[in-house]
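The following blocks contain the structures, represented as structure tokens.
Both complexes below contain chain A, partnered by chain B and then by chain C.
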Partner chain A sequence: MSKGIRDWLEMRIGLDDLVKTNLTGSMVPKNVNLFYTLGFVSLVGYAIQVLSGIVLMIYYIPHPDHAFRSVQDIMSKVPYGWLFRQIHVVGSNLLVIAAFMHMITIFFMGNYKKPREMTWLGGAVMLIFTLAFCLSGYLLPWSQLSYWATTVVTSMPTAFPIVGDFLAHVLRGTEHVSGATLSRFFALHVSILPPLFLLFMAVHFLLVRRIGISSTPFGKSDEESRAWDRYQKKRHTDGYPYYPYFFQKQMFMALVYISVMFAIITFAPTLFLPVEANTPADPLKTPALIRPEWYFLAPYQMLKLIPNKFLGISIQIILVSIFIVWPFLDTHKEKNILKRPVLRGVFIALMCLWVLLMFWGMK
Partner chain B sequence: MIRKLILYSCILFAAFAAVVHAGYREDFEREFLTKPWAGEQVEESSCIGCHSFKPTADENVPVQWKMTVHYENNVSCHDCHGGDPKDASMAMSHQRGFIGVPKPADIPDLCGKCHIGILKHFLESGHGKALKASRNGPSCVTCHGSHKKGNYIQKAHIDIINEQLCSQCHSYDRAREMKQALFVVEKKIQEIEGGIDSLRKSGVFVDEEERTLFSTHAEFRALFHSVDVTLVKNNTDLFSQRLIVLEQKMRETFSELQFRRNFSAFLMLLFAGMGIILLLLPKPPKE
Partner chain C sequence: MQRRKFLRVLLGLLGSGAAVSFAYPLLRFLAPPRTAAKQKSLVLSKGEIPAGEAKEIIYNNTPSIVINHPAKGVLAFTRVCTHLGCLVDYDKKAGRLICPCHAGTFDLDGKVMSGPPPKPLPKLPLRVEGDSIILG
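Our next item is the complex of A and B:
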């Protein structure tokens, strides 16, 4: 039976060649480590978000009068609705962690350098899209937590002179977070961001396949040191096949990711759903403590600390811009960050600053 | 070329940022959290504005009000005392319904604006009749307090019935009998309150349970204000029955939570097990 299907496909699409070219015949460097699997883990994370999101979308009602109730119905009345929502909520947070870690390890290993500048660029834009997904999805349950966190985050553009209020108005649809904001964020979350994200993802994968996986800078060989005067795919002829060996590693890490997700759902189900997440949004009742989600805490705290708010938001935009175009700014030939003390120091200082601001923002 | 362009853009942007719009942290807090889009903020009540001048907490009514259950439930000065909190010049205008400090005999009507069921039972009770006759008490604040130091209005609780308080006016015997009659239902109410709180902390939306408990509780306490032991005893079974139904529903929710935990633990173990199996699969051949 399976041979019949296989032959049928072989005759039409050249299955054997497809498998050989992309799986068994595609070689990866011998010294790749587990950090190289974080891109795949992020992909699995996105797939989980899409599948759980589709289930939630069946029952969710994007209207201020019904949104909260529909989410509560998903949690209590829809069979296994609680599981899909928990997967979506916990998964979104883990996904941000996985994507961050993917970018950090790429940065740390210098794999953004020539000829992979565009791969980095695509990845950085995808990370920003991921945060946009989180921001837009966060409002949808229409709880006190989501309403006020969105109020805070959508207020940030008002720091811009002249166009600030206009930008905030575009985001919210009205003067304050309202039903119009909910509609906009819902549309953004389910129909505007996904195709854009898929487009960037396709380009990202195309570039990864086209250029080939980079060797880690800590390995024995470093093919990137050669002159890049023309396109040449990196084939790693001395490496080992992607399938089954590297695929096993990727699957292992994906299973770790899923296991951690279920561990959080089992042992800390309210980690990302505190009491405020189960209280309907009340625009007239400002909670004692308003703060955005943990991944926005550092920029939020930074804005609070810098006296001039336009300066604060400008610094953030500059930092994000530098992050996105970093491969074009860093033209140093050395890939190994261990041999670049200044860059290493700045990198560690920025990481520490981020963590510090995040914990500070929690208070 | 690209590098230079980006660098110049950043410098220009930073320079623009540095010279435009001088503001401070207070400005940020005010702008970001109190603009109209941040929700319609509760306006500063003119009552609070004037009554906050007293230097000590003992005399400062707003400080004392913040110690009460009314503050916790957003019941403000004008809700009881009338007047217009948004207009300082009309805050104490009788045209705007200002009552001020009520006379003892008028207190039940003042509280009864919200606590309607209780008012009816209170007026028919021995307490209500005594107040009507003496015009001086006992009224609601005699037992429940107001916003005076050491006697703040707290969430109603069975321990309000105590020898020290009741024996100020009469012997404690009858009050003790009433407390015993209330005990079973009150205990169950407390247990259910604890259960609801626990469910809420577990991420369950307990609005319906809270409303059922609140209405049952309110009806029971309204009945108690008749100070009629026989009436309370006769109705205890009825209220207990309603609470048992609620308790049963909560028990089912707890079971559901336990099932969820077990199910997700099963999935966790399943995926972790698959991961372990993957670790056991053959590794790439070494040279």
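Our next item is the complex of A and C:
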């Protein structure tokens, strides 16, 4: 930055102080590792989704008579349309992986514990919003896959007496998935979820900044061992400066993320776009092999296995609720999961069960 | 009551009133009335469905199926699975209606044979008059 511009900004916004407070003078714990960059990677993932989504919106037509055709045109006629759609499709899947990994590592390192309960809560709600983004975006191409996946999801509320039918009707706008549903999901995807998500993201960042980054439980840290009896930001004065030390780690991981995305687009372009995704929606024919996206396969398989619809959906809601409010349930002081065999065992068992149900659901 | 407290209460009441008065129209806006016109009856020719075969139709805006079963006669069901809304298919060999989504199976009385559907498949009222099958 030229000195002139720098001086101009310094006089008006106190640039030097801003840089010192937020970048070079902001310290991260000494034992910070690559897993700490997953939040930043998710942020980069979201930014890619927003940009590619805006580009796609220029050609996409949210009407049942045109939606499928417009997406096919984006893929085959619009110059580089395929690239932006692939970025959006592959990006959404990678984003879910990054967000999941972020949550898992936070859980594994016990970083949700006091005083960071609200940070976890915000992150968990953002993960739910991410899945809502995926779900609402899934219908937009109006393919067989998207139509029937949406039929299944919008039928879920009907498991609940009294309010169930009303909720399903609000989601669909009509009795069955139709043009009204497409309009609703489009509105949800591009104008209702984004501001809500941004609000939670702002709160999440504010909390991370306000409380200070947590250390791993696997090393010594005075900041973490200090009792939290009153608010005092964890400053990690013995740590490393955020810029350039940690920033470089974050950028490296962001580039890994983008490299993986382009590797998939180049070498496995149909990985997330199976044949059914290129077949127009037929409201009179449910395809023989209907499967949701990989991250919904475990709950999908669970619904198959549990013979009672109300029970199946209730169990899933209870599990998600426990996940969201977990920091308030786990009041154990020990952060290190390696010293908590029961929690470690349950966590590994749940992960194995999730993977098992996912692969089972693929068949 | 102090003037400041009165104003606070008044503001709270006005705010709540405004929120509630917007909530109701919003709910109605999001859940429009079900205006699907009910079809009184639908007539099919018996010749359209040979014995052992089935025909998929739309009745009352709902995907449905009429089955001409050699032993049970002519039957009609909605095709919307009572589990999560996928459309069931008729398996001629097994004489069952099977949902491809979560493997729910119904017999030709609509009863759940296996899988997670919570309720039987709704049967549609029909009568056979001469060569005509009349639904509704």
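Everything below uses one rule, namely that the second predicted complex is superposed on the first by the 361 of 363 C-alpha atoms of A that agree within 3 Å, B and C clash if a C-alpha of one lies under 4 Å from a C-alpha of the other, contacts with A are read in each partner's own complex, and residues count from 1 in each chain.
Criterion: a contact is a pair of C-beta atoms (placed from the backbone, for glycine too) under 8 Å apart; a residue touches a chain by one contact, two chains touch by 3 or more.
Just so it is clear, the model here is predicted, and its values are computed rather than measured.
Overlay on chain A: chain B and chain C clash in the combined arrangement.
In the superposition on chain A, contact of A:288 is made with chain C only, not with chain B. When the two complexes are overlaid on their common chain A, residue A:166 makes contact with chain C while staying clear of chain B. The partner that reaches more residues of chain A, of the two candidates chain B and chain C, is B. Contact with both chain B and chain C is seen for A:151 once the two complexes are overlaid on the shared chain. Look at A:92: by the touch rule set out above, it reaches neither chain B nor chain C. Touch criterion met: A:321 reaches chain B, while chain C stays clear of it.
In the superposition on chain A, A:136 makes contact with neither chain B nor chain C. In the superposition on chain A, contact of A:303 is made with both chain B and chain C.
In the superposition on chain A, contact of A:175 is made with both chain B and chain C.
Superposing the two complexes on chain A places one of the chain B stretches 5-13, 23-31 or 203-211 into chain C: stretch 23-31. Comparing the two interfaces of chain A, the one with chain B and the one with chain C have residues 148, 151-152, 154-156, 158, 174-176, 283-286, 290, 303-304, 307-310 in common. Per the touch definition, chain A reaches chain B in the complex via residues 30, 72, 75-76, 82-83, 86, 148, 151-152, 154-156, 158, 161, 168, 172, 174-177, 240, 244-245, 248, 251-252, 255-256, 258-259, 262-263, 265-266, 269-270, 273, 275, 277-278, 282-286, 290, 303-305, 307-311, 314-315, 317-318, 321-322, 325, 328-329, 331. Chain A contributes residues 148, 151-152, 154-156, 158-159, 166, 169-170, 173-176, 180, 283-290, 303-304, 306-310, 312 to its touches with chain C in the complex. Listing the residues of chain B that touch chain A in their complex gives 2-3, 6-7, 9-10, 13-14, 16-18, 20-25, 27-29, 31-33, 35-42, 74, 200-205, 260-261, 263-265, 267-268, 271-272, 274-275, 278-279, 281-285. In the complex of the two chains, the chain C residues touching chain A come out as 30-32, 34, 36, 56, 58, 61-63, 80, 83-87, 89, 99-103, 115-118.
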